[in-house]
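Just below sit the structures, each encoded as structure tokens.
You will see two complexes here that share chain A, one where it goes with chain B and one where it goes with chain C.
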Partner chain A sequence: MLGKANLGTRFLLVYLPLLGYLVFLLFPFYWMIITSFKRDVDIFVLEYNPFWIENFTTDNYRFLFTGTAFPEWVKNTLIVAVASTIVSLFCSVLIGYALARLRFRGSNFLGVGIFLAYLVPPTLLFLPLAQVIARYELFNTYWALIFTYPTQLIPFASWLLMGYFRTIPRELEECAMIDGASRLRAMWSIVMPLAIPGILSAGIFSFTLSWNEFLYALIFMSSGTMKTIPVGTVSDLIRSDVFQWGALMASAVLGSIPVAFIYSFFVDQYVSGLTAGAVKG
Partner chain B sequence: MARVTLDQVIKRFGDVVAVDNLSIEIQDKEFLVLVGPSGCGKTTALRMVAGLEEITSGSIYIGERLVNDVSPKDRDIAMVFQSYALYPHMNVYDNLAFGLKMRKIARAEIDRRVKEAADILGIGELLSRKPKQLSGGQRQRVAVGRAIVREPAVFLMDEPLSNLDAKLRVATRAELIKLHQRLQTTIIYVTHDQVEAMTMGSRIAVMRLGVLQQLDTPQAIYDHPANIFVAGFIGSPAMNFFTMGIGSTESGVELVGQGFSMALAGQMARSAAPYAGREVILGIRPEGLDRMSQGETEETGEIAAVVEVVESMGSEAHLYLSLGERSFVAKMDGAAPVRVGDQVKLAFDKEKTRLFDPETEEAILPEPALAIA
Partner chain C sequence: MLPGGLLLLAFMGYPFLLGIWLSLTDTRIGVPGGFVGLENFSDLLTDNIFLQTTRNTFLYALVTVPFKAVFGLGLALLLNNKIPFQKLVRSGVLLPWIVPTALSTLGWLMLYDGIFSPFSWALKNWGVISNNINFLGDANLALISVMVANIWRGIPFFAITILAGLQAVPVELHEAASIDGAGRWQRFLSVTVPVIKGVTLIATLFSIIWTFADFQLIYVLTRGGPYNSTHIFGTYAYQIGTVSAQIGMGAAIALYMFPILAFFAILLLIYLRQEVN
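The block that comes next holds the complex of A and B.
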């Protein structure tokens, strides 16, 4: 009897709220997915059950690939996201390592400074950055975004990696250095392999942010085929007050796949990377 | 094979002096133990020899070479860390081989040396395992093995036994001594454990607050501690100290303390003479105190005290005694046929007691001229 009562209360207190939360959380995705498979006319027919697909169609996806520059957007987004992730990771690993390990004048000040840089809102930063991009004539090139995204990515990734590097015992490197490795070699052969969870976390963070970024992409790279998925979706699939809901949702579905894919693969490392930095950093 | 010389080495961290004017000459093939309580600068001293800490001033030589500005990898040393610092992502074989690979030694030679070291240490079966799959004792062996394969001029060991349980520590202690005899290499060994220092070192350097207190063989340090700190630090249970006044009787000099007195004769009387009218500290080792038996001589002093606690260890027993407000320890062989509350009379050999200056805490030594006479 007791066991049964326990099960009942547990259901009420744990599973029911969780279930409610899950529905709340996943509903937008559900809505996005079903809408992307509906015919445009059906979306506005109120007699149909709005939570179900009455006439299944892949027209929206077909339109995306034939009627718009969607494949170009994907290519652009991929190039920009991958390149800025690589640039950011390379810089952040060096910065994070230096802040965690090397004793030099002003290292604390520098650490705090980098963190403060992260707190500057991108919406303020884009004005001066736009001038820089204009002066170097980089508008509507990949470089416009590859150079500007790291301004947001490096500060956070550096802090995350600094916290992670601090969790790796210093003696390991000291031992490697006595064993005959230079500092760079010790960093490469000993610290890097152990920092993989942290580096993965920083990489996922950077990739996700660059993949989804909207503001800079809209301003710096928005003409013709040089658009990213978020910008292209909004600018080409909304024609003044006409919302092509089916295509919009199809683009959103395809756009979220890579990020969802990466997260589901690396979720363990991501969590351990973030928490290591959080607890010991 | 090399001598290691520290010449007036100073290390400051900001305003804190971690190592103060340390000069030690470590002979080739010597097993030198740096011992002291935590924060005494022993590990800092070792890390300076390793090149992991820069020295503030002074010079360090390995062999004939000044190594002040030589990087750790070029000092021809190997180090065993307290945490072992095994590379977690490499298996045992790769851990052992890492230092050799860094030095671009031929693969066949690496293989030969790794196998040989694994044989010496009995870790041949573990070569393909990762460090986290090893027990504490096995990890410790791998850490030592990683140093052996390098065949360095000097081994540095930073408390390599402190993470082992008591039984394993004793066994490993003996193995390290054997290993030293076999390898015939200079070893500098840091520990806070005076038993390790006594049993392993060919010489011991006792440090306190960054300052070298005494450097000598274990027996000499035990018999003739340079000051109260060394006397109290080396030996377990620690030496008992009594504050004594100096008076003179018709037969000579006499120490008068709370609850007992002791007539001094010969050399001790002469060295204590300048302290007449002042106080001195008398040090008696617990093992120097024994229950009164027949046949005391002039050289025997005696104390009467009350037993407060009896710690029996089978082969020996420690008696915690009180004498007025003072308490002290005596170490007896075998089972002690005494009970708590008993009044006992203890005898001690006057020649084995030590006198210390209460202000400088230095040992009061017989004046050299008189000692010869």
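The block that comes next holds the complex of A and C.
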């Protein structure tokens, strides 16, 4: 937009405000990272400049792996996130394909239903859902989250995939079907390879949302070794009297790195996924 | 279709109906309840904490969303320029939105701490204040503090969504407008605004729904305190439904969100359909 403006104007109108945004948006992360490398005793010395590390240490990270259930939390979070992603992708590919291609009675109604399901927040359902989980005796099992996370993931993933499937010309499948392939085979060998960018976006979305989820995990996985990273960090590393700030921040940093890493690679796909699925709808 | 449909019915549709039933009973944890009609709903209307919660939720959503939208729009316009380290900057500003909220909120918990807050430290150092600011312990200040953290988390969502819309604006449109003698501001109004109006409105409706139904940010920062000054529907439903074990009452609190959410969801649906046609 400011292609031909001179450097001075550009600095005032673009770089300076952008710098302001970066400082505001990234300062909390800077703070978490430096705190995680501080000695707990140094945090209490109020004469030290809190914006810098006085005595660098990795003790907080070592403590996390040897003195807490952090390794268990990582394992739990990973299992739940991977399994929920696979379940969601499987269901969403089928729903997205059906919504994009098949004309059947009530397909319009179904599309609206899926969209509305995307807007149902966990806070509306968690109390009755806890009763359901209790009835099936799923408390503190991975299934409690693997069954419930997809309800939050399938709607958006189906929507996004529907957008992708629609961009693939129908004629490609029709050719294959004329040549004798069944619809399932045409879908599997013609449409799926072309839809890989969409499936990848939906997969990233599902994985990170499962990784980040808090409320269901807080209620359904409350026993010590079954917690996920966010729940374990918030409930086990905060004791009512003493805050172990260093370990808390170390856990928060480690729990954030995987999603930050994934998104730094896929930020462009994420943006194009938004336009393909949700926004153009 | 079937597997996904079944999961949605079993773990979303059924719990929703069960929630309506529970809200009409006096069920407590471990004690099956009896039917009490609309008693929970009418009791809540005379519960001062619930009224405060309602007020907080509306303030929380209606104050933060405009800030998120305006700052997000500003950021999107900046990111739409050619800048050095483009990809790095884009993924950097996205961080508050994509990392686990419960974990990034722990960062804010310390930034707001009554003793360790670096804001208090800096302001004291510059001689602006003499005592630490009690960001989360002061009932008047706490709601503002959680709102700032919420705005921080929500700006990237608006920015990245609007940026996606901006990139759909053909460069030729801007060029044509410049040739016709339109200034920068005029081009913004006549070329950019019409294109991003749609996505901005959609993002705003999404954000209102999510902010209304928020939970974790407030749970981590204040658990609804001090003196219930930061309770919103989600945290109060959790407090009553699990900590106080009154499931029926908790379900009723959560259901009070429903008409509001439904209103904005339908608005969103109508708007999206117009866009498509």
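Note that the second predicted complex is superposed on the first by the 270 of 281 C-alpha atoms of A that agree within 3 Å, B and C clash if a C-alpha of one lies under 4 Å from a C-alpha of the other, contacts with A are read in each partner's own complex, and residues count from 1 in each chain.
Quick note on the criterion: contacts are C-beta pairs under 8 Å (C-beta built on N, C-alpha and C of every residue); 3 or more make two chains touch, one makes a residue touch a chain.
Fair warning: this is a prediction, and the values are worked out from it, not measured in the lab.
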Quick one: on chain A, after the overlay, do chain B and chain C clash, or do they fit? Just give me the call. fit
Figure out whether A:64 sits in contact with chain B (first) or chain C (second), or with both, or with neither. neither
Once the shared chain is lined up, is A:195 touching chain B (first), chain C (second), both, or neither of them? neither
Should A:169 be classified as contacting the first partner (chain B), the second (chain C), both, or neither? first
Between chain B and chain C, whom does A:87 touch in the aligned arrangement: first, second, both, or neither? second
Answer with first, second, both or neither: which of chain B and chain C does A:98 touch in the superposed model? second
For the overlaid structures, how many degrees, to the nearest 10, lie between chain B and chain C at the C-alpha centre of chain A? 100
Of the two partner chains, chain B (first) and chain C (second), which one does A:178 touch, if any: first, second, both, or neither? first
May I ask you to name which of chain B and chain C touches more residues of chain A? C
Just chain B (first), just chain C (second), both, or neither: which does A:264 touch? second
What is the minimum C-alpha distance, in Å, between chain B and chain C after the two complexes are superposed on chain A? 20
Of all the chain A residues, which ones make contact with chain B and with chain C? none
Contact footprint of chain B on chain A as seen in their complex: 169, 171-172, 174-182, 185, 189-190, 193-194
Per the touch rule above, chain B residues touching chain A in the complex are 50-52, 71-73, 75, 77-79, 81, 83, 85, 87-89, 98-99, 102-103, 146, 150
Which of the residues in chain A come into contact with chain C in the complex? 1-3, 14-15, 17-18, 21-22, 24-26, 28-29, 31-32, 35, 43, 46, 50-51, 87, 90-92, 94-95, 98, 112, 115-117, 119-132, 147-148, 150-151, 154-155, 158, 208, 211-212, 214-215, 218-219, 229-231, 233-234, 243, 245, 248-249, 251-252, 255-256, 259-260, 263-264, 267-268, 270-272, 274-275, 278-281
Which part of chain C faces chain A closely enough to touch in the complex? 1-5, 7-8, 10-12, 14-16, 18-19, 22, 71, 74-75, 77-83, 87-96, 98-104, 106-108, 110-111, 113, 115-116, 118, 121-122, 152, 155-156, 160-161, 163-165, 167-168, 174, 184, 198-199, 202, 209-210, 212-216, 219-220, 233-234, 237-238, 241-242, 247, 250-251, 254-255, 257-258, 261, 265, 268-269, 272, 275-276
